[in-house]
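Each of the next two complexes has chain A plus one more chain, namely chain B in the first and chain C in the second.
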Partner chain A sequence: MTARYKVCMLGAFAVGKTSLVRRYVHSIFSDKYLTTVGVKVEKRDVTVGGDTASLVLWDIQGEDDLVSIRESYIRGAHGVLLVADGTRKETLDKALELHERTRKLVGPVPAVILLNKSDLTAEWELDDDHIASLESEGRAILRTSAQTGAGVGEAFDAIARGMHEA
Partner chain B sequence: MADSETPRDDATPAEPEAGRGDEARSSEDRRDLQEVRRLLVGDEIKRLGQLEQEVEDLVPRAVDVGRILPDAIDAANAEDTARLGESLTPAVEGALHRSVRKNPRALADVLFPVLGPAIRKAIQTSLAGMIESFNRTLENSVSPSSLKWRLEARRTGRPFAEVVLLHTLVYRVEQVFLIHAESGLALAHAQSPTITAEDPDLVSAMLKALEDFASDSFGEGERDPIQQVAFGDKVLHVAAGPKVLVAAVVRGNPPPDYSVRMAEAVERVHTDFGDELEEFSGETAPFDRADDVLAALLDEKIARPKSAKLIMVVWVVITLIALGLLAWGVTAFITWRMDERDRRNAQEQQVKDLGENFGVLSNLSQSMEQAIAELAASQDVRDQALAAKAERRRRLIAAMHTAPGLMVMEIGDDGDRLLLTGLRDPDGADPDQVMRDAGVDPAVVEALWQPFMSFEPSIVLTRSGRVLDPPDGLDLAMRGDVLVASGTADHAWIIRARLLAPTIAGVSAYEDDGVTDLDVAALQAVAARMAAMHVSFPPGSPEPAIDDDVRMALSAVIDELEATAGRADRLVRVELRGHIESQEIGHGVLDLKQRRCEAVKHELELLHEGVRLFFVVVEQQDDVAGATPPAGLDHLRFVDFAVIDTGAGGDDG
Partner chain C sequence: MSAGDTLPTIFSDRLARQAAAELHAAWMLVGKDGRIVNAGGDLEHHEIEDARPGDDAADALPLVVGLDFGATGGELPSMKRGGGGFSDVKVFPVTDGAWLLLLDSSERSKQLRGMQQRAHDLELEMRRRGRDAQEATAAPTLTQVVADLGAAVYSLQPDGRFETVGQAPVWLDDLRRRAPALGVTPDAAELTPFLEGFLDEAREFWADGGGADRLRSGPWIETLPDGVEAPFEATALRLDDGSARLVVQLLGASFEQNRDLLQAARSTRLQFDALLKEIDKKELLLYAIVHDLNGPLSSIVASLSLLKDSQLDRDQAKDLIERGARQANKQLDMIKQILEVFSSDIASMEAFESEADKAPEAAACLRAAVETYRPALQDRGLVLDLSIETGGTAPVVGSPDRLERVLGNLLSNALRHSPAGGTVSVSLHDEGETLRFVVEDEGPGVPPALVDDLFDRFIQGRRSKGLAGLGLDFCRTTVKAWGGEVGYEPREPSGSRFWVRLPKAR
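Right after this comes the complex of A and B.
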């Protein structure tokens, strides 16, 4: 089996999408693309369920008041990683909103919510009950830190597994 | 017929009308009149009623037909599209004609949004093609002479043809990607064996991202997809379809028809992989089958230099066309940008403007037409020359391929000349002759031949002939890698051939069982002649009755025997056999035979001092009873000879 999956990194500005991807793959493109075109593509081969697959990661420039995400970048995605910054509560709402929009564009593809910057425990703003209630709705949620690398591999493995089983 | 029908309820059709029309009359009058009518024109009334009915029925029937017509057309379409189309074509065509004649603007308005972009695109494409071919022309016209390339080849130690190739490479398609349009994932990928490729997944995705970016940023509605992205000294050419893109990384300028081929590849993939594309969810294995389609796009092209004069013409034409396009483009653009309300006015104004500008434009267009005609003519000549050159090259390669002992390694163009490097066996075909036979003038081919030894049987045979130099009457042939000789040859040649043949390149063994040794045969003939000779004796005498004629004859045959034995490298012995008559018995038979042989031997030895022949005396034992004299004698008093071959001789001396 030689599957290729398009995975979109989505989330608010400065939540750590680029850092997570950089932690996971060795970059070959310069970040210039990200600022000019608003997306940067990276790739990593993974083994999932005994098969090898290529994850083509689309690191899409964050959504803030000025820059909105190009929907065409999301089309054709087989999975999405929704990144939130645990030290900024509003970024989780943004991630959930982006999830909704993604679903409208590409249907119910596998999605994992990453609560990033888990190393910054002192400034953590997300409360556990809220997370638990989201999980009870059937959402996959993982804590990651692009700084320490904690949970990063697991996050990409989780989305790969999800797409492979889909 | 009408008579036989009894007018039964004749009133039915006429009655309503009669009832409505004659309200004022009394019913009696009415009945009478009716009766008279019936008698006079009964049948006609009935017919009239029927006709009236039919006319009235037509209206609801038309409504009914109108109701079912769309369904009927659908049904006919589903059953046989072509037939419905055929039946409708004349009517539709007629309607269109009439519409155009009545009000051409109506149709023009409908078609305007379709025709505009189509025309623009056509002009754009042909202009792009011209500029592309112009670039190539320029590139090649400054290409250095073959002498310079030759020097470079010597300096760098590279094969000449490789240098030529490097200098004349117009374009090379290094990689071709098949990209899923929606996700930007690489479905398949092909690359030229000579390059190190970028990761197809990343290139595909990045291209897709750029494409999306461009279409979001600059696109207004129906935007044409990106066709080219330049990076470094390469250009990514893109052909887009609804489900897939085909992208090619190209170094240099591909010919205009390359984009057509790419578009065809896109169409091909859509046809061949319709289902797979519909169901695609990441698994790319099914698209391995598309590798052939992609590989067919991996090509490269060698330059074909052109004359500088033509370049001037091309420049002039391009400039003129560009001016024309600019004028057209500006008006078209302005028109295009007008909103619906203003357009009509603008068009009228435009027609006026055009009329005013026509004087200038017509001059321009005349010179353009002339230039285009010139260009077309020279293009024709050039196309013909190119075709002839390609044909010449094809014929040359084919001829060289079949010619024995010639191997073409590389072939290239240098303007009007063909540059060729290859291997040549000196015993193979003459390359100049091969060229002439193929209808190629050797003067236009610059060939560099390296010597080599071919093991092709025909070449090995030629080589053997050259080395062995067989005499007339001897044939050489190859049986596999065995050299087979047959026919006749002198002894010395046979011996030499046995020594040399196995040393010839390509000959594994030598067979000469079928060769007759001419010298051995000659020796045998001389021996036979000698065996037929004899020397006779008087009765009872041991001294031969020998005269000079006999001596001469004997001497000659012995000379010959000696010579032929020497040539055949054989050792021979001449045996002498003594014979006596019965009357001589009693004179000491054995003694007399012996003495007669001794006498002849003495004679012969006198004739041939120190000869290599051995004369041996043999007494004939069985000559008395019933013996017959040899030819030419009437008695049995004689000595005759037998030549015995005692085997191969050693070296002479």
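Right after this comes the complex of A and C.
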């Protein structure tokens, strides 16, 4: 029987969660920002550890002072992708905060932090030392670009592997 | 006026483009005697291919010719053709008659007919519902009212199955294709992943008994089979009699309005944040400029103050004037550098030469830059080692004055960071398709922490006091615009090696 894994995409608004899912599932990208309200669920089958699994990707609305994420969206998650925008350093703090809330809600499920928009190197705000210190705490961190596709497949493969091995 | 296959210029450009694009435009000039003067375009599409100059226009278009459109003209929309299509006929009066423009309107007419049919069907449906309501002997229940509002309502049965309550809304057909069991037994087959998750929660809510009377899922988006994304929300209700209902709603205009508002708020926030960052950069720049200009100015003021001292002999006075002049020139250089950086985006788009007979000669530019800095290098007691390995004329893509400025910036860097008595090596290498300029010094080199961002604006300012940190940014912007690249690497055993690679002019 094909395993089904619920993966929640979490992060601040406009960090590129929807773009990452669209890039991964449909291989398309648009630089037009269209905010997500609620949640949109997409699926993609993957091969992980020699087995076929179905990733059910919950693209959840970004959180800010206007909108909070409903806990019901996160319940039952087998893994989380925490997305930050590398050109807005405050979004990494939001990703880390959401990680803590997720842990309390669903336990220590596999999580990968994605530093998205890696193509925008001139506007990059995240400090390498800070990233290194987060990695030294055992956090999985990858750089992605939904625009170029760089690191996107690797990111979803990483979370799939994590959930499969959990 | 003559007929032909191009649209007569009597019609506006916009109209001409529209017609020519896809509407199978045809036209006809009809004289005051009702005879065709000229006709052209896709006459066949409008089934008037037999129209010839001199023919009676009424034979071709009996419904149009003879009508009085006055001085301003008019239109007969959606005239049905014999073959089933539709044409719009626009009439433009002229002195000797009128132009008739025919445009295909079959698709629009089809849509209009579809809309009329749907409006008719809706009216019938409303009348039917009205009759049903009148015929109903009992007052409608809450769930029936909700169903009548366009929501799908299900009643949870003791065996865990769901039964549809009331009339199913039209959109449910689309959702059913996505969630085959919905409307029958949502737990008997695969649902949409979202509803599946929500029903787990809803069952816990119904089983719980106390507390709130409803549990809302929050909005979710489904992509329907036709590719349209539609927002839904589900609500689990616990009624007063203890029975359970599941309500699924297609969210309408209010959802769209909320999303638009949120979108606007967030876009504004992003713009605001970007603006703040831009202001920060400008403030930093302002600080750097003021700081950089202040140093030489202080020296100039000090020199002038000393000059007021009448005890100075001629040589002392001359020395002070020269010192002041040097500082003034330094300040002038800084101002030029700042202006260059801020115009570099524009400058990068300015003309540069890429043809061999007009392009700057690489060795000549390098020599010119070296000569500019030679006195300063000698003042510091530095040895200059110049090596040109191009063997003959080597034109390179770029403009001579800006290339000299780029190379001058690298030399200026080497001058600042070289220890007294050190050697500054300048060389030009032929790499086949490209030429490589290299400037090396024996200074301390660039700290590793700064290497990645070395060519960014203000970075050099962190490395050296009294500099805005704009020179390397200018080098990068300019060289990149010419299709070249610029880089840095540490020099062994110590020092810096800056290089510029530019394509050869052809």
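Some notes on this structure:
One rule holds for everything that comes next: the second predicted complex is superposed on the first by the 154 of 166 C-alpha atoms of A that agree within 3 Å, B and C clash if a C-alpha of one lies under 4 Å from a C-alpha of the other, contacts with A are read in each partner's own complex, and residues count from 1 in each chain.
Basically, a residue touches a chain if its C-beta (ideal position, glycine included) is under 8 Å from a C-beta of that chain, and two chains touch if they have at least 3 such contacts.
A quick note: this is a predicted structure, and the numbers were derived from the prediction, not measured.
When the two complexes are overlaid on their common chain A, residue A:G153 makes contact with neither chain B nor chain C. Shared-chain residue A:R70: touches chain B and chain C both. When the shared chain is aligned, chain B and chain C each come close enough to touch A:V56. In the superposition on chain A, A:A3 makes contact with chain B only, not with chain C.
Of the two partner chains, chain C is the only one that A:R88 touches; chain B does not reach it.
Contact with chain B, but none with chain C, is seen for A:A166 once the two complexes are overlaid on the shared chain.
Of the two partner chains placed by the overlay, only chain B lies in contact with A:H78; chain C stays clear of it.
Of the two partner chains placed by superposition, chain B and chain C are both touched by A:V37. In the superposition on chain A, the residues of chain A contacted by chain B and by chain C overlap at 6, 33, 37-39, 41, 43, 56, 58, 70, 72-73, 75-76. Of all residues in chain A, only 6, 13-14, 33-41, 43, 56, 58, 64, 66-67, 70, 72-73, 75-76, 88, 122 touch chain C in the complex they form. Contacts from chain A toward chain B in the complex involve residues 1-6, 28-29, 33, 37-39, 41-43, 53-54, 56, 58, 70, 72-73, 75-78, 163, 166. Put simply, chain B touches chain A in their complex at residues 180-186, 199, 201-202, 205-206, 209-210, 212-213, 215-216, 281-285. By the touch criterion stated above, chain C contacts chain A in their complex at residues 192-194, 197-198, 200-201, 217-221, 223, 229, 231, 233, 255, 258-259, 262-263, 265-267, 269-270, 273, 456.
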